[in-house]
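Read from first to last, the chains carry the letters A, B, C, D and E; within each, the first residue is number 1.
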Amino acid sequence: MDSVGNMIIYAIAAIAIIACSILAVTTKKILRSATYLLFALLATAMFYFQMDYEFLGAVQIAVYAGGIVVLFVFAIMLTHKPGKDAEPLTSHKRWLGIGAAVAGAVVCAVALFSYGKFCCAKLLPGANFDIKEIGTALLDTDKFGYLLPFEAISILLLACIIGGVVIARRR
Amino acid sequence: MDYSQFLIMPQEIGLLVVFLLVFIYDTFMPDRCQKALPTFTTALFGLYTVFSFFPVHSGMAFAGMFESSDATWAMKAILNVGMLLVLLQSIKWANSEFVAVRRGEFYELLLLTLFGMFLMVSARNMLLFYIGLETASLPLAALAAFEKHHYESHEAAAKYMFTAIFSSAILLLGMSFVYGLAGSFDYMTLASALSDKHSALLIAAVAFVIAGVGFKLSLVPFHLWTADVYQGAPTAVTSYLSVISKGSAAFAFLVILVQVFGTVYAEVWKWMLYAIIILTITIGNLFAVRQRNLKRFLAFSSISQAGYIMLGIVGANVLGMTSMMYYILVYIFSNLGAFAVIAVIERQTDKVTIDDYNGLFKTNPWLAFTMMIAMFSLAGIPPFAGFFSKFFVFAGALKTGDTAIYILVLIALINTIISLYYYLLVVKAMFIRQDECTIPTLKSHWSEKTGMILCALGIIFIGLVSCIYTFLNGVSENSSALFNIGM
Amino acid sequence: MAFDFSILVLAIPLFMFLFLGLVGVKMGKKITGVVGTIAMGVTLFICYSIALTYFFGTDQGQVVNGVRQSILAYDWNWLTFTDKLVVKLGILLDPISAMMLIVISTISFLVHLFSLGYMSDEYGKPEKGFQRYYSFLALFTFSMLGLVVATNIFQMFIFFEMVGVSSYLLIGFYYTSPAAIHASKKAFIVTRLADLFFLVGIMILSYYTDTFDFNALMASPESALSSAHGQTFMGCSVMAWALTFIFIGGAGKSAMYPLHIWLPDAMEGPTPVSALIHAATMVVAGVFLVARLFPLYVLEQGAMNIVLVVGAFTALYAAAIACVQSDIKRALAFSTISQIAYMMTALAVSSNVGEGIHEGGLGYMASMFHLFTHAMFKALLFLCAGAIIHAVHSNENSHMHGLHKYMPITSIAFLIGCLAIAGIPPFAGFFSKDEILVACYEKSPLWGVWMAIVAGMTAFYMFRIYYLIFHWKKHEVKEGHHAPHDMQWTMTLPLIILAVISCVAGLIPFGNFVTVDGKALETHTNWPVAISSVCIALVGIGLATKMYYKENKLPAQLKSKFNGLWTAAYNRFYMDELYQFITHKIIFQKVCKPIAWFDRHIIDGTMNLLADMTTSASFAIRKLQSGSIQSYVLVYFLGAILLAAVTMVIVLI
Amino acid sequence: MEIFSNILIYFVIVPLLTLAGLALCRNKGIGAIRTVAVTGASALMILAITLVVMFLQERGAGNDAEMILTASWTWYAPLNIKLALGVDGVSVVMILLSAFIVFAGVFASWKMDPLPKQFFLWFFLLSTGVFGFFISIDLFTMFMFYEVALIPMYLLIGVWGSGNKNYSAMKLTLMLMGGSAFLMLGILGIYFHSSADGNLTMNVLEIAHNNAIPENWQLFLFPMTFVGFGVLGAMFPFHTWSPDGHASAPTAVSMLHAGVLMKLGGYGCFRIAIYLMPFAASELSWIFLTLTGISIVYGAFSACVQTDLKYINAYSSVSHCGMVLFAILMFNQTAMTGAVLQMLSHGLMTALFFALIGMIYGRTHTRDIRDMGGMMQIMPFLGVGYVIAGLASLGLPGLSGFVAEMTIFIGSYENADVFRRVLTILGTSSIVITAVYILRVVGKLLFGAVQNEHHKQLTDANWFERLSTTTLMLSVAIIGCFPNFFVDIIRDSFLPVVKALGEFFPVVIQ
Amino acid sequence: MYLIPSLIMFGCGVYGFITRKNMIAILISLELMLNSVDINFVVFNRFLYPEQLDGMFFALFAIAIAAAETAVAIAIIINVYRVAKKVDISEITKLKF
């Protein structure tokens, strides 16, 4: 966090994340909610870029922002008639929600910030992994190789495809 | 790059081969052959199960990401047996009117989830474990939604799905904390890195991991989805969820707790598990007492059974591990026995409440008999296997020897009485109560019969024949290194 | 051994019990009676030969230095408690048991014989349950014989129980009659209560003496009791407790106050049974018990005094009641109580102080003598009563009156019995009673006078009964009934035999045979006592004659004059009501019912409550499973957070 | 195979074979079912008698080992669970008792209806458990057989019972299993402390020999085990299953339950709780003595006011079984011998009682003594049987009850401490109360006038009922007349436990 | 520092899950949660253990899985919609107690 530029970028991204997250779960229009989600995800991608994980940032944008949000939008379109998606919330539930969320955040925060190693950590200028290394690692079987998870996730995706097909088929 | 490492996982590969064959059959065979698909799959899987009994080479692969040991081998064999039983019971159902069009997918998904479970069992890396877990749970949502003509099926799927994603978020949170603490996902590395007993982060990590896996095991308070899903999902899926999915999760859970968090056993997770076990057993029982729907009833009973399974883990010793695996095996037979009967009756009469079973013994003595021994086994009544498995998990837990665990076991034992009460309610309905509209005499399909006979034999003989337990103990002994890492 | 055959006196009745009980049903009724009687006759013969051999035998070792030895004919290990405490069953022959053998077998045989007639209807047809009756008689005879030949206190206890049961069975012989059921139950339970004390007494005694055996206890009573020396419980020595408890056991069987209440009711049984059990044999078991343990009692004067007080009081009390009873069997029953109390008193006035146990044992000898004579004449009286009852089908003397004309033999026999019990010489009762009075005077004049008064009352009430039955006024034969008449020979013969015995038994030199230490005891007639006692008896008789010989108003006038006393005595001083109150109102209502209620409602309630609590808990937490996925997740999340937070707090703080 | 050379194993094999035989019978083939059942029961009886003979021979030949005919085969090696067999005098007479009652029970349920086959299946499963329990000396197998014996009760009562059978069956099962839950913890606790050097064992003899259970653990485990078995032994306040259960159970089941099953409780208390944990036994005995003392008097008083025949007997069982535990806790050979005699006696006479009640009920269809009367005139055989059972129960010499109670009382009084003596004297008072309720019921039921005209048409016992009851009556009489035969078998078996207790408790070793 | 937004994001996810009535909105909340965890991995990796890429790979796989999850979940939601004609979460509360 040495440069002011970084600070500014960080601040923008952080504020975007926080604001968009809050808005995403409080807005009354479902489509807006999806939009705020998109911005939150993009802001997250900014974080990744800032941390020099460009590949991850790209994936974040492509898969999350590009894929999932579109999926959401499709789903919303399929299930909502425009203009009729205001959802009233009971206050009772809201306080419960806030309570749970705050409690969770507090516990995690206590846990994280009591962790000494973390407080003194600095963003070191990391070795910039290029895309080739990442690609190799994904197909490597040695230490820090990810061939098996890679294969496994392919099976997972296959399963999800079949599952999706099963569910979505009309009969 | 050493692709020969894949050879260390013959069971997984075999499973994938089965999957592929089924997939090909489903895709390319003409329609008139499709009706034989369930039988084909079952037969194939039966062959594969036999194959999976052959011992495998022990060892690590993929830089310690994947472990194949006697214990994982045995565990997978146990899961295979359970899977085979589930398949046997579902043949008739899969060919039924509303399901027949999707039977191929049904089997494919089942096989893929089983693959996920194998990964969970063998994973020695958080990443692989996570992928395995997700592979094991996501397709199940699709399976839960399988009976599209039933509204409950959809509700069950939605509930399952949402809870599953939520739990995976919690699990990921826990894993991220673990990663933050140790900088690795490898169990072995983690075990040595996580030794600070007073780290709040570690405690939070343990809690969240337990919560995440607790979802699969349906431990209280992470269990609330269970009953609704079990009730809504097709019976074949429910039985699968209640035994196979639970069994694999329990084993993986044991490995994670012991190997990764072994160093903080006494300070941290022992007490967490105490609380969870007491809650799980008690709440599960209390809910089960009131149930009239048998599937829902078995859901709550399976929650409380999960508590007993956890007793095998809480001791964190070889005896406990053996007992846990044994418990799972017995539980597979007992629970599947019960589900087999439910499935037969539900398929033909659509009746699933206890009151519908009044006087079942008069009309369907063998169904009633199977159900009864299943109930007795679940309740832990000798000479049925459930008695032995319960005794052994208690022994495994008590082996740790501290006083608190005696209290824990005492509470568990008192709960066995409540559980006995509701299991007896089923027996009472079948044998003692009379009703005007008793279920008529039913004819079971050969596959259902085979399944039930296998279950009954298992329930009767697994306990009496000690070699299974002894064998599992030998297997666990070989993995006893697991318990030395952390502690 | 000369007494090898003595086992037969137990074996024959036992066999007859089983034989008649099991096979008898298949046999003709008459035959069973005859077989039973013949078997009893054989037993009688054996008993006599044993007793005669014992008293007059010349075998070596029977009499050593003038002391008659007790002989252990059989001793068979029956039940091992500890190495030392072993219950044996055997046959012990000594003067009192030999004497008792004679008494029991004689009366039992006569009762068997008498019952052949009594238990048949007017045409000689046996009643229902005839076989059962004979079977039970045999059982009783067996038990009673077993009791008297007991070699140890535990065997005695065993047969105490056995006679209790056979008494129960025989009282309840007419089991369709509620009164009989009630009476039999009462008899059993009251004696059982007494037996409880007996048992406790045995436990204490055996704990300190390490033996049950009479011989071991009697050989040197002092050393037997030495280990209990100085042991006290609530201020009294444990031995006094033990012996008092044992006495209570005996008192129950012997119907001492306040455990006497069962005996009058027991008259619900067939009259021959009353004669056998409730007049002659079983009721003296208590006396026999105290006599058996006499050497121990004399060492514990405290226990002995209790016996004395209880005995003396009962004698007077029962006599008073007997004076007003209208049921002849009841009256005889109270008379029996009074007479047994007499024997008990006689035992209790004996002592080893002063002249030593030999001379002080006069009361003992007298008591045994009286036991013997009383058995004879009381059995006679009861059998007479039986004959009368059989004739008129009623127990109430108001239904009798003036029977002398119709039943002369019975009347004479009854008169002999009355004279004997009243103590008129030369009838048997005179001699034994006289010696008791002497013994009492020797203890203290107070007791002498007391017992003399009782003797007078005895004479009064016996003659009252006699007159009311046989005289008073003319008998009214009811319509449709035969006139009463003397019975057939089987019933008359026993009366005659017993009457003869009652006349002559007093002349037996009893002191030669039965004494406390086995040495012959010379008795001297104490003339002042004898004459005064005869006078008192005559006064009593005279009074009775005045009041009851001919129908007159005197009894009614006296009755109205002393109405309170009369009513109280007639109602037996309300002892039955007291018992009724304690058992029904207190034990049954205030103990049993509350306990049963407690069991149903509290204990059971607790168990049901546990179940209900589980169910209601199950119902209460139902809301947790609300069906809403959001609440599920909320619980999930809070659970996880709580798990983390609580553990953090516990581990880190 | 070596395993079949031991006679004891046949006590399990024979009932199992009977089970198999029954399973092969057709549902309706009542003749075949009866044949198989009678064959099985007779075989068991013959075996039991053979065992007694063998036992006497062994003892006569000077084999004074604690247990004879011992044998063991490893079953579950990881936990060192063995199928360990062995008998001492106590188990021998218990086996004999069980064999008799099973035999009588088969005849008592001759006309069982409906589902005779299933009835006998459960019946023999229960017998398997009972015999297995008595022949085992391994904690695990004992416990297993114990539970095997318990669970058939549920269906036996639930299906074939009468009255409020659902409630009773459930209550009985849950309470007994509740007891066994404590028991299981106790057994596991014992197991994990069974040895000082880590060679954990389940074998009772070895555990007793090792004597390694730490004292503080004993104080925890002893109540667990004792209460666990005490529930089955109908110890106050855990007895309430007994009245309801007995009242609802069918005849043969009541017989078997009161006759044999409740004995498991007493046997277990002695064999496991006291024998293995003498220190805690002597420390805590006062609590349980008080409870059992209460049982004795309390059960008797409760029985006095009951009007249902079976309730009377059930409460009487509470009282009598209380006496068993009471005597066991007296810690000397005599009282303990008395306890076993009492088990024998109570087993036989209560079985007899229940058999008779069942037969009477089968005819009159009521068990309320207020509705009955004069049964002696109508059914003399049953009446006489009832009187004999009653007399045995109230302790008539010559029948078994007397022998047992006297041994208990005399033995109990042998203790030097005042507490035990006072309790003993309180306990003896039960003989009077027993007399009260027995005579009350005999008077109301059998004697008096016939209350109900319909009852006059009823018949007396038929041959199989006679056979069943006569067997029991004879055995009651045999024990009552020749007690020393049994005492000699039983007595020495208590020497080891009394010796073990002697370290902590001033025991008079006789 | 990078963890603060992540934590808040997670909290928002939890809040949204518990309070929203629309199933799709709930799914969006879940995405927030998953995403926040991904940030955690990456941050830990970058700040504490920069020499390896474990955390980043995990995040990578997690994103893939999240996508798959979302796909299946949306399929299920649409299915429910077909039956109930609504995506209101209160529709799926038939199974309870």
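In the analysis below, a contact is a pair of C-beta atoms (placed from the backbone, for glycine too) under 8 Å apart; a residue touches a chain by one contact, two chains touch by 3 or more.
As the structure is a computational prediction, the values presented were derived from the model and not from experiment.
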Along touching chains only, what is the step distance from chain A to chain B? 1
More contacts between chains, B-D or C-E: B-D
Greatest Cα-centre separation from chain B belongs to chain C
Identify the chain whose mean C-alpha position lies nearest to the mean of all protein C-alpha atoms shown. D
Looking at C-alpha means, what's the farthest chain from chain A? C
Euclidean distance of C-alpha centroids - chain B vs chain E, Å: 26
Length of the line joining the C-alpha centres of chain A and chain C, rounded to whole Å: 102
Averaged-CA centre spacing for the pair chain D and chain A, given as whole angstrom: 70
Where the centres are mean C-alpha positions, what is the separation of chain D from chain E, in Å? 63
By the touch definition above, chain C meets two or more other chains at residues 611, 622, 625, 627, 629-630, 633-634, 637-638, 641, 644, 648
What parts of chain D, by residue number, touch at least two of the other chains? 174
Could you pull out the residues of chain E that touch at least 2 other chains? 10, 13-14, 17-19, 26-27, 38, 48, 52, 54, 57, 61, 65, 68-69, 72, 75-77, 79, 92, 94-97
Listing every touching pair of chains gives A-B, A-C, A-E, B-C, B-D, B-E, C-D, C-E
The residues of chain E that touch chain C in their complex are 14, 17-19, 26, 89-90, 92-97
Write out the stretch or stretches of chain D touching chain C in their complex. 171, 174-175, 236-237, 239-240, 243-244, 298, 301-302, 304-306, 315, 333-334, 374, 376-377, 391, 394-398, 402-403, 406-407, 409-411, 413-414, 424-425, 428-429, 431-432, 435-436, 439-440, 443, 446-449, 483-484, 487-488, 491, 508, 510
Touching residues (chain side chain C, partner chain B) in the complex: 611, 614-615, 617-619, 621-622, 624-625, 627, 629, 631-633, 635-641, 643-644, 646-648, 650-652
Complex interface listing, chain B residues touching chain E: 126-127, 130-131, 134, 138, 141-142, 145, 148, 151-152, 154-159, 161-162, 164-166, 168-169, 172-173, 175-177, 179-180, 183-185, 227-228, 231-232, 290, 296
Which positions of chain C touch chain E when the two form their complex? 622, 625-630, 633-634, 637
